[in-house]
Structure formats: structure tokens, C-alpha cells
Amino acid sequence: MGEVKLLQGNEACVFGALAAGVRFFAGYPITPSTEIANIFARELPKIGGKFMQMEDEIASIGAVIGASCTGMKAITATSGPGFSLMQENIGFAAEAEIPCVIINVMRFGPSTGLPTHPSQADFMQSRWGTHGDHPVIVIAPYTAREAYRETGRAVNFSEKYRVPVIILMDEILGHLRERVEFKEEDIVKEVNRKGPEAGVPFFPYEHTDDWIPPFANFGSGYRCHITGLIHDRTGFPTNNPEIVDQVMRRMNGKIDKHIDEICRISTVDVEDAEIVIVAFGSVARSAAEVVRIMRSMGKKIGLIRPVTLWPFPDREIKKAAEGKKAIIVPEMNLGQMVREVIRTIEGETPVHPLNRIDGELITPRDIIDFIEEME
Amino acid sequence: MGEVKLLQGNEACVFGALAAGVRFFAGYPITPSTEIANIFARELPKIGGKFMQMEDEIASIGAVIGASCTGMKAITATSGPGFSLMQENIGFAAEAEIPCVIINVMRFGPSTGLPTHPSQADFMQSRWGTHGDHPVIVIAPYTAREAYRETGRAVNFSEKYRVPVIILMDEILGHLRERVEFKEEDIVKEVNRKGPEAGVPFFPYEHTDDWIPPFANFGSGYRCHITGLIHDRTGFPTNNPEIVDQVMRRMNGKIDKHIDEICRISTVDVEDAEIVIVAFGSVARSAAEVVRIMRSMGKKIGLIRPVTLWPFPDREIKKAAEGKKAIIVPEMNLGQMVREVIRTIEGETPVHPLNRIDGELITPRDIIDFIEEME
Amino acid sequence: MAKKTFMVEVNRKTCKACGICIAFCPVSVFTTDHDDKAVVDKPERCTGCRQCELLCPDYCIRVEENSNG
Amino acid sequence: MAKKTFMVEVNRKTCKACGICIAFCPVSVFTTDHDDKAVVDKPERCTGCRQCELLCPDYCIRVEENSNG
Amino acid sequence: MGAIHEKYLRMDKLPHIWCPGCGNGIIMSSFIRAIEKLGYEKDEVAAVSGIGCSGRITGYMDFNTLHTTHGRALVFATGIKMANPGLKVFVFMGDGDAAAIGGNHLIHSCRRNIDITAIIFNNHIYGMTGGQFSPTTFRNKYATTAPYGTTDPDFDLVNLCIGAGASYVARSTSYHAKMLTDLFVAGALHKGFAVIEVITHCPVNFGRRNEFDTPADMLRWQKDHAVRTAKADMVPMEEMEGKFVIGELIKKEKPEYVEEYDRLIETVRKGDAHRE
Amino acid sequence: MGAIHEKYLRMDKLPHIWCPGCGNGIIMSSFIRAIEKLGYEKDEVAAVSGIGCSGRITGYMDFNTLHTTHGRALVFATGIKMANPGLKVFVFMGDGDAAAIGGNHLIHSCRRNIDITAIIFNNHIYGMTGGQFSPTTFRNKYATTAPYGTTDPDFDLVNLCIGAGASYVARSTSYHAKMLTDLFVAGALHKGFAVIEVITHCPVNFGRRNEFDTPADMLRWQKDHAVRTAKADMVPMEEMEGKFVIGELIKKEKPEYVEEYDRLIETVRKGDAHRE
Amino acid sequence: MNKRWEVRLIGTGGQGIVTVSIILANASVKEGNNVVQSQNYGPEVRGGYSTAYVIASNKSILYPKIDSPNVMMVMSDTSYKKYLPELAEDGMLIMNGHTEETLPDKVYFVPITDIAHDKVKRPITANIVSLGVIVGITGMVSEKTALEAMEAAVPSRALEINKKAFALGLEAGKAALENK
Amino acid sequence: MNKRWEVRLIGTGGQGIVTVSIILANASVKEGNNVVQSQNYGPEVRGGYSTAYVIASNKSILYPKIDSPNVMMVMSDTSYKKYLPELAEDGMLIMNGHTEETLPDKVYFVPITDIAHDKVKRPITANIVSLGVIVGITGMVSEKTALEAMEAAVPSRALEINKKAFALGLEAGKAALENK
């Protein structure tokens, strides 16, 4: 600790993952996430971990899930096109409740888009990209330091909650190098998935008190069955409506049950603010700058920055919005998170989207102009 | 016309597509959409059209887009897992503005789920499944007759607006056979994409008055360039922020611009209703039954059924909700469309989700019980 | 030494009446009942080749050598 | 008949200084300038083999037979 | 039901869902006999399958079992093997699973030569989805998506795998149940990626449409059309027309993937690795 | 710039984005020479590419051009050819494009034998993404994802395609520019699916990491390691070690996919089709 | 028709009851009714239970499921008592087989498989026999339209044998009705 | 340091200016500053323009982009006038090359490539020469930390030659400053 480094966002993810115990990476290169693969390829063998370059993204997430079945912590990294391809198997991981982490360094889409330009347009996809109701956690760091810490947190959540966790960054953060000084609170503590309890009959999809079933790693002597078919607590397929209802509600509900631990938002000067900006990722950097600038001009501006994007911090946003004059939601997309903000606020405060869709970061100037025009 | 038939939902899609001029199908079998492939395989060669069974769903949508580049109307059909795999290329079609239609007969997910059980849990995915901001039209029929007509409308929209159009059905409608009597209004009129205008300089991505650029089919003498990279009006890549902004706003905005034609909702007894049910697909069949039953009991219940799901009929829902006591949104998922309803209504009326997540259709009884309990 | 004899058993409950054992028993030990399930008809013919056991897709057949022929 | 002679031209604007033409001209017609771009140095040696034209990845080279040698 | 079934199958999951006479049941029997011969502990076996009738096999066998997504079994298995090389990894795939949607993973597994044994249930049809033709369906056969007979040519999976660099490829049929067991054993013992193609029969979705009245007829067809490797060379070319060879078709040494990577780790950790 | 470039290239799009000395420019030249020889109208040519440095080729050539998604060029092209068989369809892919993510489409195209000419720019590396190894990178080469040298074995694309049932497969190099033109012509004239693998050079992302100082060095390597088919049989085995054969490697008759389907249509329309 | 028919057919996979339900549905359409037909799908059904449904009514049919059928036919089970509770008030339960028990009014036993086996001499036609039985007992569609719909559904080479099966079923159904 | 440095380096792909920016950033980190470094990526950059950015400040840096740099260095262009408007008030513009013109105060011409070519005798070291020049002119980091950061960034086999390049660049930079 106290270590000071110039660290790239992509690089920080790797070291955060390693600190959390990741020992397996399988991926397929894609701009702007490639550095993550490159660095894993260099670092993993040094510590006895394994790096694989697969034939595509579908294979990458598949191998990651396979490795995770044996208890090895596993991760992959990609960007939009690859993230789209991974969707089917992300759903598998969600349904079979296999821990895994996917880093999506967002580039400008749709399709090939502008591969080297930033975007935040996978916000909705990160929640709804695969078919069927499924649980997922999505986290969006905004500095290299946070990329380190949050990737560690992502790995831990995936293990603890047996759920795919997505790190959603944008090209700017992925490629930005910045000084990072690691503090006490940045230490990533390793969390390991809960295993079967000795002496208690083991069901791999048991509806436990915390709604998280214990996981028996392949080879550990339990010989479970894991399937993407809807299954009962034994892990075997069922289509009994009553059981299906139960397992679906548990599987999806386990995240909400722990929402207090999972959700993290960060705020700047919200309390007395008249106008609140809600922003994530790199855009929140500009927004924080705006708060600094406008506060110095005597304007009462605040910032809410969801770090956990999904589950969306409904409660926190709703509370923070109370009695404000306006909410501004700047995003590098055509308006995605703003839909969630509007849904959450239910008409209590006027919500204004501010969107850039030209492949460039929203600047502090953009936001200030917007606010001034609005007033 | 006046023809009477026992028609399966899946079958009806095929005949609707053929009536709209579809002559190419490429697909990969998957329950519960397989009948669509089977019937196309039987019907297309009869009329000189072509059926291909591809190696997977990625290839299927790819071949469909390729065929469409030559001007042939093309379609594919799938279900959740395949729909997830198609996402990357759906984004390509959206970005390159190539007409195509995808039928997703929803089964219970996530992952392999319950392949033969119904679900409506791809509602959000159909809008947000691919990375990046992109336009899309999604239509949800609720009877075999409508499946016929709306598939025809989908083909026409895809041609007219150069956009991927998704038909979202569920397993129940896909497999249900029912008596259909075709009326005058069911006649599907063929709509063809706009071509280059003689004498006017041609730009394949021209920002025309109606925001829909003309399309020059491959082989027609224009030698365009089509790419999934962001491109200017000439079709060639650009990353000039000003141009990127323009083209992204046109491409995404073209759908909103024509929202009146695209959006279709159907209502039953909404005017004087105190409680309004908002439902789509097979669930709307139960909901309509509820209106019939409860009206006969003197209860003022109404139904709004979005036929076009995306763009979501914000305006219509908001208007219909005004002054109502409550809105009920029954869905065979954990609550997806209800999010849109809440967003739209902005707190004006209390909105209540009613969800079944056990692989079974929501029954009229379910809804009636819910209403009675609520009161 | 006496000729070896075998006990052949079909589990009627699990038999799916596919007809494979009947078709491939080289000495026609089996016949069918009215549900087309396999029935041991001439166990005395059995040579113990175990073809039926190997090929029954539902593991309904047991062939055992009789301890004293 | 006089020996054929050739005119060799390099488009300095489009040349990316890759060195291929220089390396593969069998008779060393080219040399480099200070930006490492190809320069026609000894055109009189040219045999018209067109190797340079074929292999230039940026189509910067034109070889033409002089009408009268 | 023999002792071997009781030992290796999840008895409470039986009867299996396969149709009367389906070859899958025979192959499963042959497979557990191979495990018995190999003497593997059930705990050290990982069985991975895709989606299809064949894919259901993992539900019935009492190993570490993983029933993945359609076509992707090999990549999950690859992750398992890399992460825990101590596990004996077997992969079960249908012809659609392995060669249609999963074709890429099949050839890449052949290339990598990772120590996994892959068993392809080639019934020349998509069984689970009700009888569409597959990339291994022969020309002019009938299927729900080929109501007039297929015009698509078919893959020879053995050639495909050999072309992709496989170090072990074998083929047999559901009729040759004993030989299957032997090939499964040989494949498992082969250091590297081993593919065993099992020509099997789907009486319901292939047979009925293609003039096989009974499952037994399909087994007879296999018997009549399979030629053992040992004999294949002696059969005149013309007579091989329409027939296929069974037995080990290639078996060669090639560095095994995980071992190579482990060697790399060792070198790097020793500091011996040359870095670019 | 010759007349041929002016005729077939989109001059306003030049200079192309390829790095100094990159082989892609040479191949593009060879290709348009082939079109000239074939005498095709520009309007009747459809050129389809995937994503990668190689994939950018379609932006520069004045045909009907389609720049698709990574690995998928062949399936788009298949749709084009099926829908409009009058078009002459050419597909351009990188080695990652064709053999990593796109491997399945490659083998299925070989199987189908659809009348498309596929040209693989095999530079043994992912150029566009900055130098990761590809499925064709030789063992022990350096790449950004192989900082200690690769442990992955490589595909022989020619064997792969032949194993998948291809009816025409040829190989040459960016050095053998004239031969390339001839092979492109022959591939185009072949009725069915034709694959031409072009061993090419990426000086920036492969060469620099693997001790090639200049693009010319890489071309020299090609020259020294390529053996023409005619000669290959005469070269002793040991001397072929590390070398590769160039020229036509397989050429055989096989029914063409679209024609077969058109025949089916005819039969069905005549009412002659036997229905199951 | 002035009634809403809710028909549930229960059998095992491969018995062809889905075909019967479609024939019934088509016949009812021919008679001018609104009709929906559906079935339970599922890999589990292979060899296991299989159920098909028909609703026919002169009113429009939206909700497509059946809660309490007024016609049930059970092909592979003879313990009728477990089905009775699901039957509508005015329902009819048709069982395949024989029984010596005295039966409630609404229950009919007809040896469908035996008829196919012994009289038609083609076990596979049991489903068409059952079609005849249903029509004979319920009269939910006329003999004529049922026969037409059946003819349109079976391959021509099997037409004669199926006609025979239908006729024998019809006869047995009528007899069962009269014996009540 | 009591100043916010916003540095923009402009060159063509392959010239190694990204490396220079990272070295500068690392050096500034060593001196205790907050630093962000970035660059324009893009396939288009291949052979075309390439730009790298460094911001260094003793305050925290959030917004990571540069609007008006106070240090600009241009490697592949000599028409300095087009860059002047983008420069901050107190900015310094460093051009690679010679000029005979009389220059505004803030503009410095240093023959970077020529130094690498003629004096270091390794054209590839031009970027490290430029590093020296920047440090010499701006003093945004000390010679010592710049040298340390450079040493950590280059492969050891190329260390000596790069040290030489750095020294020559530094010298040229200082000279340019003094000649103002």
C-alpha cells in the first residue's frame, strides 16, 4: 500500500483481478480492451495462472465458465461486438450460477462502429443482452484506481453471489494512464465461493437462508450436475411450475436480497444541491469537474455517480432527487441511463438528458452550457 | 380473402412473409420456432424462393442480410438462444441499414431454460440486445391472424425504413392452431425499398427529407460500399464528430420520425375504464378475456395492447393512463414492460406488475384474483 | 462338462418395445407380447453371447450363466 | 535493334518508404532519400521486369518502355 | 440393468428420455464400460455435453457433469481441463452440436490437441428439434427441412478432424458396441485430443422419414456399411462406395496443450523465458 | 499508379491505411489484375470482407462492396450468391477472420461448395488489433499475447479446407504477385467454392516482433520457403521441413450449391419432387 | 353448434393424439366454429405423457387453455377416477379399455387399442379409431366433416385403412353411448 | 511543481511519441504529481497523425482531456502557425526542424530528427531526443527523473544509445531556450 504508479485503466483491471485471486483468463482480442489480454498473457504464467486465446468470444466465455466449474477464478475481457457474442453463455452462467467476470470496455457502436472511440451505449445491453430473466451485476469504475478496486470487488461478488459480474468501462478509461496511489481501502480481500457444508446433505441449488447455494467444485467429490435447463435444487431439470417459480425467484432475487452490499454510489455535494447530475464512468469525471467549477461560482450543483449500475440504485437516486430543481443525466449515448432515472423518480423532479453521440467525451463545458441554458 | 383456415401461429408468419414478398429464408432450427423453418423449406422452392439451413444463427442472420443486399426480401426465425447469438449481426443490419426480419418465438429462459414453455422475457433484449445505440422495430402479434398480418407489416417496415424488424411471439402463439378468417384488412400489400432516383446524384446514406436513404441493390449498377463502421452519406467510414453526430441521429431518429405509422396499439374498453390492463402477446388474450368477464360483472376494466412494442408507445400509454385508478401490467416475466410503463407514466397513476415466471400462461383467473385483491 | 446354460431376464417395466434384442439375438430367444415388448420365449437356446444386453438401449436385459447347467 | 530502355517513376507523395522496390529491383535502379523514400537513381539499368511495380504496396511506381531506345 | 449401470448411472433419473430403440442408450452403456475398464474414479471424471438428444447423456451418468449450451461443450471442457488437468474430461456431442454450430470449436480443439476425449453421436439428423437435416446428412435424404430431399453435401467428420490437425480420430457405430468401448478407452488413453465419431441411429426422426421401419433395420444398415480399418485396404474401391471405415483412423504424437502451457509456466517462473 | 489501379480502385480513398510495406497492398493489386483478366464488369462483382486490416480492402475497390462483421464475411457472401447468382462473389479475410472466429463458416463453405472465391490474407497475426497470435501463427513466435512465444499449434489452412471437402484450394504468397493473379483467375473460374490462401507479411505487428527488420526481409522469407507444386514432389522430405507448397493444391469436381438448389426448385415447380 | 367444447386428449408420445386433435379442430372449423388447438410439447414427452387440446365455440376464443374440459379421452391409463375431478360438470370421459366396474354416467370405456389391433389389424390406427369414438360419443362434429378432415390429414396410401378405423371407432362410440 | 502542465505531442504513427508521453508522465508521477496520459487511437492513425497527451498537476485531475495545451510538440510538420491558436496563453510550441523566420516568443525550432540522424546516428531515437528537448525547454520534470523514467522504458540493449539521444536533446533544448 501507499504504492504509487502510473497505471492504465485496462492494466488496473488486470491487477485488481489478480489480487482477487483470478488465475485464468480466456479471451479474444478486441479494441479497446486488448491490453487486458496482453497483460494477462504476460502476468498469469508468472504466478502459475493460465492464459488462453480462444477462437472467438463465445469460446472465451465458455472456457471461463468451464474453468470456474473447477473452482478457479476466471475472467474475460472484450468490447461491444464480442460482448454481443458472449450473451448466450452469459445467460448460461447466470442460470447455472457459475461465478465469472466479464470486462466490457465500451467502444462506439452499433456494429463495428468507431472501434477506437468511447461510448456508454452498452448500458442497457449489459443488463438485458441475453434472453430470459436473469440476474447480473454491472459495475462501472471511473478512474484507474477504481478500476483496480472494482474489478476486485467484481470477482468477489461473482464468487459470493454465484453470478456473472460485468465491469463496464469506456475506451477513455480503458486507455487512460493515470497516477494511482493505493490506499488501505484499495486492498482487495479475496472472497471465495461457499462450499458444501460437512455433515449436511448437499444440494447444489439449495434455497439457503441467504439465497446463495453452496458450490461444489468439479473434482471435489460431489459429482453435481450443472445445466442451463431450469433445474430444481438438486440441479436436475424440472418443469414443475411451482418449482420453476421458486427457483426463478430465488435465482433472480438473490441479488436484490443483497442489494445494500452490492450497490455502491458515490456522491459529491448532493445534500444542498439544487441541480443534481447523475453520471457514470468517464462522463462522471467531467461532471465532477463541473461541480468543482460551478460550486466555485456559487452554484449549487451536486453529482450522483452510480458505481454499481445494475441493479440500478433506485432507492438512492430517488432519495437524492427529492426536492431538487432538476436532474441532469449526461451520457455518451442517446439516453439509456436516463430512462432508469425517469422510471425511478416517477415524475418527482424534472429529468433532463444530455447526450453526445459523436464519439467524443462529454466535456465540462458541455454540461455547464447545458445547465446555463436550462436556467 | 374470406378464406377460412386452421392456422398455427408459426405457420401464419410464413404465409404473411411470403405475401409480403419474402423469397429467402436462412435459419437454424430451434424450439419453438422450428415449424417456421420447416414450412419455409416446403414453400419457398414452390415459388422460386430459396431456403437455406445454415451452420448456426450467426450465419443465418448473416446470409439474410447478404441476400437483402441484392434486393431480395429475406427473413429468419429463432428463439432465445439463437436470438442472443444473432445480436451482433442485428446491430450490423441496423448500422448498415439493411432491411431484414427476425422472428423470435420466445421460450422460457435464460439459457436453455424450458425450451417448450412460453415466456415474454425477451422484451427488453429485443430492444437492447446488441451493443451501441441502434434503431429497431419490434412487433408482437397475439393471434394467428395477426401473426400473418403483422409479419407482412414487419417485412414492409424493414423495407421502407431500412431497419431490422423483430417479430416477438411466444411459444403459445407459435404453436397454437386456430381458425383464421382472412378479411379485407388482412391483405398484405407489398412495399419495396426506395431505390436511387434517376438524374439525382446518389448517396447510399443520404439524409433525405424522410430520413430514409435510398438503397441501391448489389448488381444494380451503383457499386456502393456498405460497412458496419460509422460512415458518412457516401457510405465510407468517418470519425469526424460532427458527421458522426448527424448520421447517428438520423439513423436512430428515422424510426421516431415515423412513429405514427409504426406504432400500433389496440384497446378494449379503455375510455371509461377505472382499471386498465396493459398486456401484449398471449397474455393479452387472457387480459381480453378478463375484460369480457369483468365487464359482464359490471366492473370498469379496459385493455391496452401494444402491438408495436418498440418504439414503445409512450404517448398512447400515457394518455390512456390519465385519470385511471390503476394500471396492471401482467407479463410472463419478472417485470420488463412494466418498467417502460412506469417510465412513461411518470407517477401519474399507480402501476402494478403481475408476473408469472413458472413457464405457464397467465390465466384470466390470475388477473381477476389480482384485481380483486388489489381493491 | 455339461453345455453352459443361461438365464435371460427382460424388465418389462423399462422395456420400450424397440425390437432390437429380438432382431439381433442370433438364436431367437425372444418374442413379443401384445405391447410389442420383448419376452423371453426360448431361454434354453441362449448361448450367452450377450448381444442383447449390449444392444438394449434401455438396459432391460440381464443374461446370467446358470451356475449348474 | 537497339536495347529497350525504360522510364521509371516513383510518386514521392504516396511512397511510404517501405524499401521493397529497392530490395527487389534486380539491377539496383533505386536508392533512398533522407526520408527513406525510394528514388530512381540509375534508370538506365532498368530491364523492365516490373518487379518493383508488382510489389510496391502503394502503387507508387510506374515503369514505361521508352518509345525509342 | 447390470451392475455396471448401477455403479455409473444415476439410477433415479432413469428411464432416460430417449425414444424406443434410440442409439444413445447403447452408446452410454458402451461408455460406462470404458470407464470401468479405464478404472477411473467417478470423482475424477468430468463429462460435458451440448444441447441435443445426445446432450442429455450427462444427466444420467454419475460423474461431474456439465450440460452446456448448443455447440459449445468443447470450450467449456477446455476451460475445465486447463484449470484442473487432473480431471479426465469427456465431451459428448450430437452431429449438429459438434459439426454445425460447434464446428469451429471442434476444429480448434483438434488444432490445440488438448487432452480431452470427444465423442460425437452422429445420427445424421437434428434429433432434439424434430428431424432437420444436419451437416452430416447424406445427399437426397429426407428431413423436416428437406421435404424434397437434401441438396446440401455432407461433411466427413473424420476427414474434417484430420484436416484440422487432430492427433487421434476413430469411428465406429452404435451397432459395434464392444468396439465402441475399446475406442473410448483408447481415446482416453491417448495423450491429446481424441475424437471418436459414433455413427448412430435416430429411428424416430431419421429412420421413419428415410425408409427404415425399425431401429433394428438401422443397426443392420450400420453393420452392412461399416468396414473395419484392417479390412478397408483390401476391399476394392468400387465396393467401398457408400460404405465407411470404422476403427482408429489416425493416431499420432503431437505435443499436448496443457502440458505445453505448464512447461511455459515453469520456464517463466524460472526466469528462463526469452521475452520479445 | 497504373491504369489498372485507376480503373478498379476508388482513387479518392487512397492512400490506403495499410502500414508501409504491408502485403495487403500487393494482394489488392494482384486481385484487380485478375478481374481485368477475367473481363468481369465492375457492376457484376461483389467483394465482401470481414474485419481486420485485410478487411479494409473492400473500401478501396470499385465494386459492390460489403465490409461485414469479424469472421462473418462468408455467410453474408453466401446470402448474396444465393439471392443473385449472377454476381461474381469474392470474399477477403484475414487469418483471424477466416480461421479463428470465422473458422466454422470457412469449413461449411467448403462443404457446401457454393460458387464463391475466398481469399485469405494469412499474415500469421492479428494485424488490426495490434499483434496477437492467430491460429496460423507458428509455434514459438512472439506476439502481444505470446510474450514468451506461442505454445499453441497452428492450422494448415490448406489441409483444413481439404478436410472440410473443398473442391478448389490453392496457396501462394504476397511475394509471388503474378502467380496470385493467376490463382485468383483460376479460383474465380472454378465452379464451386475456391479458397486461395495468400501467405502475406505484416511487417509492423508480426515482423518487428519476430526478427524481420524490414518488409523486404519478410518477402525474402516467403521466396525462400515457398516450393511450387510442380517441384514439391521432387524435393526430398527433409528439405520440405519448414517450407510450404504453393500452387493449386486441390481441384476437383463437386456439384455447385446454388445450381443444385435451382435444380430442386425446377423439380418442385414441375411437380416432380418426391415428397417424404 | 351452440356449445363450447373443451376437449383434452391424453396419451403417450407417438400415439398420434395430436393428429386426432388437429383433425377434430379442422372438422370443427369446417362447421363454422371458432377453434383453437394446442398441445404440450417437451422433450420429456418422448415416451412420456402427451396431451392435446381443442376448444371449439361459436363465440370468439381468446384465452387458449382449458381448465375444465367437457370431453376427455385417455389412451394409456385405465384408472378413470383420477381424471374425473378435472372434468367439467357436463363432461364426458372416454377411456381406452375394458372394465367390469359400474361406471358413473359420464364415463365411457371403449377398447380402442383392441379395435385397432384386432379389427383394423393395424395397431397404428388406434388414434383414428379414437377419433371415431369421440365423434360417436360426443357428436361435437358431424361424421361427415370429421371424415373429410381425416381424409385431408392422412397420406393417401393409408386412406382406406384409416377409413375403416374411423368407421369402427364411430360404431363403437355410438354403441357405448347407447349402452348408457 | 506549482503549475498545471497540459502537454500535447503530435507526430505520425511509428515515431514513438506515445512512448515519450508515457515517459514524461512517469517522470512527473515520480515527482509527486497527479498525472494522466492518453492518446488518440485508431486504425486511421497508421501512417497518419498520432497525438499523445499528458496532464500533470498537483491537484487531482478528473476531466482527462486537453483543451488548450501549454506545451505542444510537433514532429512532422513545420508550419507552426496553424498550431499557435490552439496553444494556451503561457504555452510553448516546439517544432522539429529549422527555420529562418523570426519566431514568436513561444515558438522553438529544434532539429530533432537531424540530431537523431546525424549526431546519435540512429534515426529511431528521434523520440528520445524529443524527450530531452521538451525537458530542456519546459523543465516540467527534472533531468534526473526524466532520465530515470526513460531508462525504465527502453530495452536494456538500447539503453546507451538512448542516453546519448536524451543528452543531446536536452542540450539542444536548453540551447533553444537560451537563444530566446
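For the reader, a short list of remarks on this structure follows.
Think of it as A, B, C, D, E, F, G and H in the order they're written, each chain with its own count starting at 1.
Throughout what follows, a contact is a pair of C-beta atoms (placed from the backbone, for glycine too) under 8 Å apart; a residue touches a chain by one contact, two chains touch by 3 or more.
Given the structure is predicted, the values throughout are model-derived calculations rather than measurements.
Between subunit A and subunit B, the least number of touching-chain steps is 1.
Counting C-beta pairs in contact, the chain pair with the largest number is A-B. Taking the mean Cα position of each chain as its centre, C sits at the greatest distance from subunit A.
Each chain gets one centre point, the mean of its Cα atoms, and the points for subunit B and subunit C are 57 Å apart. If you average the CA atoms of subunit C and of subunit D, the two centres end up 86 Å from each other. Rounded to whole angstrom, the centroid-to-centroid distance between subunit C and subunit F, based on C-alpha atoms, equals 58 Å. Residue positions of subunit H touching 2 or more other chains, listed in rising order: 42-44, 47. Across the assembly, subunit D contributes residues 16 that each touch 2 or more other chains.
Within subunit A, residues 31, 45, 55-56, 58, 81, 88, 92, 111-112, 115-117, 227-229, 239 each touch two or more of the remaining chains.
Every residue of subunit A that touches subunit E in the complex is listed here, in rising order: 23-24, 26, 45-46, 48, 50, 52, 54-56, 58-60, 62-72, 74, 88-89, 92, 218-229, 236-237. For subunit C in complex with subunit E, the touching residues are 11, 14, 16-20, 22-24, 53-60, 62.
Residues of subunit E that touch subunit A in their complex: 10, 13, 42-44, 46, 48, 51, 58-59, 62-69, 72, 75-84, 86-87, 104-105, 108, 261, 264-265, 268-269, 273. Residues 22, 25-26, 29, 33-43, 61-65, 67 of subunit H are the ones that touch subunit A when the two sit in their complex.
Across the interface of their complex, subunit B is touched by residues 51, 67, 69-71, 100-101, 103, 126, 128-130, 132-133, 135, 144-148, 152 of subunit E.
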